[in-house]
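Shared between the two complexes below is subunit A, which pairs with subunit B and subunit C, respectively.
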Partner chain A sequence: MKEHKPKIICFLCKWCTSAGADLAGTSRLRYPPAILPIRVMCSSRIDPAFIIKAFLNGADGVFIGGCHPGDCHYQEGNYHTRRRFAILKKVFDALGLESKRLKLSWISASEGVKFARVSNEYTEKIKSFGENPTKSNVFL
Partner chain B sequence: MSKKIGVYVCECGPNIADKVDIKKILAEISSLSEPPERIIITKKHKLLCSNEGQDFLADEIKKNELTHLVIAACSPRDHDITFMNVCKRTNLNPYLYKLINIREHCAWIIPDKEEATEKAIQYIRAGINRVAYQAPLTEKELDSIPDVLVIGAGIAGIESSLSLASEKRKVYLLERTSSIGGKVTKFEKILPHQGTNLDIIREKIQAVQENENIKIFTETEVDKAVGFLGNFEITLKNIHNDDQKNEFKVGAIVVATGYNLFNPEKIPRYGYGKIEDVYTSMEIEESNSKTGKILLKSGKPPRTAALIHCVGREEKGYCSRVCCNYMFKIAQYLKEKRPDIKITEFYQDLCLPNKADQEFFVDTKNKEVDFIRFKDISIKQKDKEKFIEYTKTDGKKEKIPAEMIILAPAIEPAAGSEDIAELLNISLDEMGFFQEAHQKLNPVATSIDGVFIVGSAQNPKNIPDSIMDAQAVGGKILTQLIPGVKLVPEVTISEISDAFCTGCQTCLSVCSYGAIYFDEDRNISVVNEAICRGCGNCVASCPSGAAHAKHFTSPQIYQEVLEAIR
Partner chain C sequence: MKRIGVFICHCGINIKGTVDVEKITEEIADYPGVAYIENYIFMCSEPGQKLIRDVIIEHKLDGVVVAACSPTLHETTFQDALEEMNINRHQLEVANIREQCSWVHTDIEESTRKANLIIKTAIEKLKLNESLTPIFAPLTKRTLVIGGGIAGIQAALDIADGGYEVLLVERNPSIGGHMIQLSETFPTLDCSQCIMTPKMVAINKHKNIKLYANSEIESIEGFFGNFKVRIKRKPLYVDPDKCTLCDDCTAVCPVVVPSEYDEGLTWRKAIYIPFPQSIPATFTIDTENCLGFNPIACTKCQDACEPDAINYDMKPETFEEEIGAVIVATGFDLNPVENMAEYGYGKYPDVLNGLQFERILSATGPTGGEMFRPSDGKVPKEVVFIQCSGSRDPERHLPYCSRICCMYTLKHAKLYKHKVHDGQPYIFYIDIRSGGKRYEEFVQQAVSEDGIVYIRGKVSRVYREGEKMIVHGMDTLTGKKIEIEADMVVLAMGIIPSADTDKLVNILRLNTDENGFLVEAHPKLRPVESIQSGFYLAGTAQGPKDIPDAVSQASGAAAKVLALMSNDEISHSPIVAIVNEDLCSGCGICVDTCPYGARELDIIEKIATVNDVLCEGCGACISVCPASAAQQKNLTDEQIFNMIRIYTNA
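So, the complex of A and B:
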């Protein structure tokens, strides 16, 4: 059987996690090609509908990276992200989507190593879950 | 209308060229062309950010009459602005361009060339799909006023005013009390070299008073402040007479409201206000500076003195940073007046953060001042004798007599800080000091552009740190508000559609900047373009889909996501 190559959408806030991902690159760290970055100004821009849509269209995982609590470039955007994320997990469960495929992580501009580590661990986890079953069972 | 999208891949020397198969990328991307709706032109270049590379891009944009531009190269943090400027120079709207980072996100992290190439293609495809949905945006220009309002005429406010005032920039210096100079004027000497304080302060006060570009208002408070960087409308009022008002406009506001001392009466074990000859450090400074003497109530100089640091430190939850040093100074005052005086300083932790502090501490210690680290401490009176009862860090309980007791109360935010925070729409931290935009990276700015904090309004500070703040703010304002130069506010901001807004005001509750106001007449929320920073929080929170983030619209992000996972 051909190995499943997961596709993971990774929303990065411009100020912290995106810079952390850049640092992972400039430090020549290794993490899998499955991580597909989408840059936004702030993690609070991420409408939960983006994530649902990504899943319904076949993403195997969605990973949101924001500034650490207290470090948001926009004061408290990441606190709003955190609340929305908690609610989204419940919505996922209610809809029969797999909330275990969602990830939220705080990664600062100086945490290239953390970005690479989280990306590696998360990709491994998604691989172990196999293909996103929603892809073949669209019900919405 | 048909779209002509140029996709240019940068080799970045060997950085990208060696790690991904650029030839393959170009071939695959070219095959996405769907004439006549979407024509894709692809090319590679050795180094697009070089002058030669920029000229090459400009030529390509003009020659091919590109409607959109995608560059696959490095991080937007490196060259987004470079390529936006190339767009501007060729009259392609810079918001119709997108930089895809195939270096940090592909070339440098994936050792397998084939895998790296595959990801780069996927990533560029997503970018092309996004750029096709991007819309042109126009930068606006706003008139700005270079003048500045400084709230508080202590050392931080005075220095701010002096760094800013010039022929082309008026400073309005506001003081709640009847005279300028602040608490520093009460000190007899300035540590660590014990120079006479008044010389330095008098010079500064005089410079402010003589400067015709600084207008001083004493016994005055801010009544109203509305606006944004470059354009605040200010109303001041006299504290004794509400009708006596002054109105003017400024471009920036500096909050220099300083500090108050914690009231030690709140902790009864120190005996302040109940036991005779228990003083605060400020009372000793004032007495010394006015009369040149430090005496007991009885009129005699003390033979023994206990100097207690850290009063209110546990209650407040922070170290006030400056007290250790000034308590050494007070010990030296007492020694100068009566060399045989027995002095004991009680402390919980010594705070010696500045380069001259250690030497000053050793110098004080060498003048036969005892230092005792305590866990608990209280002041007791029996008949006419006063005692300091204390538990040392090893748990041993001891007591010593003292004729004079001097307390170093915690430094707390100035009274009225809440009112100023509310007027200016800035926040206070959990300790009640003004909250900086970023503790480490932007300590003199606030969440509101154009409102700054200096000195102890932000954190307990000594004189040099307050001066440093004032000069830093001077630098910030001088570069942000240049007389005659217009301001270009953020372009990628939120907008709220009149037609879709239901007036629920959810957006108002999530905005950290107060950038959205509610129009009562039309029953809709409206974005103030000069204040919005474009985080997009209101957009994600809007239940009716009325809010949009320019350049980060939902269709743009959807298109990018869908193509990335296709």
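So, the complex of A and C:
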């Protein structure tokens, strides 16, 4: 069987996690090419609709990276994200989508190592779940 | 449709090594909207930029995607190139195919495929980018400097000399910081007070400097260029204008407490002047210890004060000031003593920390500069100095090097030897770090001329036996155990961010590293700025450093502020929120979400509005809008959906 190559859409906040991803690159750390970045100004910009859309389009996982609680460049954006993420997981479960494929992580600009580690672990986890089943039975 | 040019950078082999740029060039050439595509060895070079400029004319481009390194590095370079050709800088997108692709992947096929997708997301985003102009806002040409140690003083003087107003806020009753406590400074051995006090006086006299001593920052609001800060000034309980510094009050005050200035080696009264050269020069009452407060049990100082300068009823005052920029220079504290129990600090009076030894060496100190030990006033004949007391010990203490201890310990040993000619200083060390200018020469001279014995190794225990302090250690060069019967032990304690730095950082919304020091915007190229616009860093608040480095950083931060203040306006990113009035129902959720007060409800029209100047462009209000009436300029929902589509359809 052909190996499943997952697609993971990653929403990275400009100030912390995207800068952390840049540092992972500068430090020449390794993680799988399944990680597909979209840079936003703040994790609070991420509309749940983006995540649902990504899933319905067949993304195997969605990753959200923001500044650590208390360190948000925009004061409190990541708190909005945290609350929204908790609700979104429930909505996912209610709709029959797999909430285990969602990930939220706080990664600062100095945590290149953490970005690479989370990327590696998360990709492995998504691989173990196999292909996103939602894509084949779109119902919305 | 826009005519988009795509330029793929090889970055030498940094990108080309793992991304097949030729293949991508072929693949994307026919992508809708792409009018021109090229790859080149270094897009950021002048020939690379010229290529962009030439192609813009030749192929009548109105948008450019550069696939290269992270946008944090060269986005402005390429935006400037577009602007030179009269194309709006927001018609540029950078596809980050180096840091987030070629450098982290090894499989050429896979990384080429990913780079292809990243470039396409950039193209899709660019297709819907609007041309925007910066938003200009007025600039308040006043600077707040927090911390009145040498770094804060230097920064304040540099900015004030440049002709701009400075507010200097110091938490303690006097400015001066730790430097004013020092005896002589390495490696030149010039008297610390002699070089410090003229600067302190200059602060007091400067027409452009307003000093808030005994004051703290309560809150800060606003945005880069236009902050409103609330400063709380604690009462001195002595009117500085009336106080004649006659000292009659201290003579009658019945309360004695350890002196902060002398690091607890002497006593002061509850009414006191921190030190003779204090700026502002006035007495103050320490309400924690004074008996004149709640309930009033004593009014001796008030009775003795002829000019009637003492007033127990003074209240804290809060001042609201407008400022444009902030320099944080909050300094350091020594690692708390209770963290070094194994060396007997706090238990034995003859185990001192570095600052206490500075006070003993100082002509203004408790012994008038004579070398006596605290317990019995005898002249110590053998003194053990322990470097890295609590530093470079990731398991139990501070993981980092405090940078100044090697040099100050050596200076201590040298000055001790100058005072006690027949005395013997020993220094336990891990390494001798003498990287500053003339530092190594200072070390060599001290070792050859002053007979200082260096023992490589750590001390395991210090305890008292009779009149002697027994120091147990290991000489790791010979592998032998060492026991020294010393008269005095001096610990080179590591340094940590000053007390309550964490609270201030929360008020200012700045970032700290894992050790609590403030984080600079870039460790090499932007070492005096915070990533938060309008905030600059100086001195040991940013990390351990010696006086020359603290002063250099302070002047660097001041230069950054002066460059800012030379503008009449500040420009503000136009990537802000916008409201589609036809869709807005005026529910007001966005108003509650905005942390900057940039969203308001127009009550008459029943729609939400955006104050462009206050909007910082986070986008929090966009994603909460139930009607999708709010959008972020150049990062609209549609743009993000299109980017998602590129990745998922591949």
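Note that in this section the second predicted complex is superposed on the first by the 140 of 140 C-alpha atoms of A that agree within 3 Å, B and C clash if a C-alpha of one lies under 4 Å from a C-alpha of the other, contacts with A are read in each partner's own complex, and residues count from 1 in each chain.
Heads up, the rule we're going with is that contacts are C-beta pairs under 8 Å (C-beta built on N, C-alpha and C of every residue); 3 or more make two chains touch, one makes a residue touch a chain.
The structure displayed is predicted, hence computed values, not measured ones.
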Counting only touches as set out at the top, which of subunit B and subunit C does A:Gly58 meet: first, second, both, neither? both
Please indicate which partner A:Ser108 is in contact with in the superposed arrangement: first for subunit B, second for subunit C, both, or neither. second
Applying the touch criterion given at the start, work out whether A:His80 contacts subunit B, subunit C, both or neither, answering first, second, both or neither. both
Given the touch rule stated above, what does A:Val91 touch, subunit B (first), subunit C (second), both, or neither? neither
Which parts of subunit A are touched by subunit B and by subunit C alike? 7, 9, 18-19, 21-22, 24-26, 28-33, 36-42, 44-50, 53-54, 57-59, 71, 73-77, 80, 84, 116
Looking at the complex, which residues from subunit A come into contact with subunit C? 7, 9, 15, 18-19, 21-26, 28-33, 36-42, 44-50, 53-54, 57-59, 70-71, 73-77, 80, 84, 108-110, 116
Subunit A partner, complex, touching residues on subunit B are 75-77, 101, 103-111, 115-116, 118-119, 122-123, 126, 427, 438, 447, 492, 510, 512-513, 533-537, 539-541, 549, 552, 554, 557-558, 560-562, 564-565
Where on subunit A does subunit B make contact in their complex? 7, 9, 18-19, 21-22, 24-26, 28-33, 36-42, 44-50, 53-54, 57-59, 71, 73-77, 80, 84, 116
Could you pull out which subunit C residues touch subunit A in their complex? 70-72, 96, 98-101, 103-107, 110-111, 113-114, 117-118, 121, 506, 509, 511, 513, 519, 531-532, 575, 593, 595, 616-620, 622-624, 632, 635, 637, 640-641, 643-645, 647-650
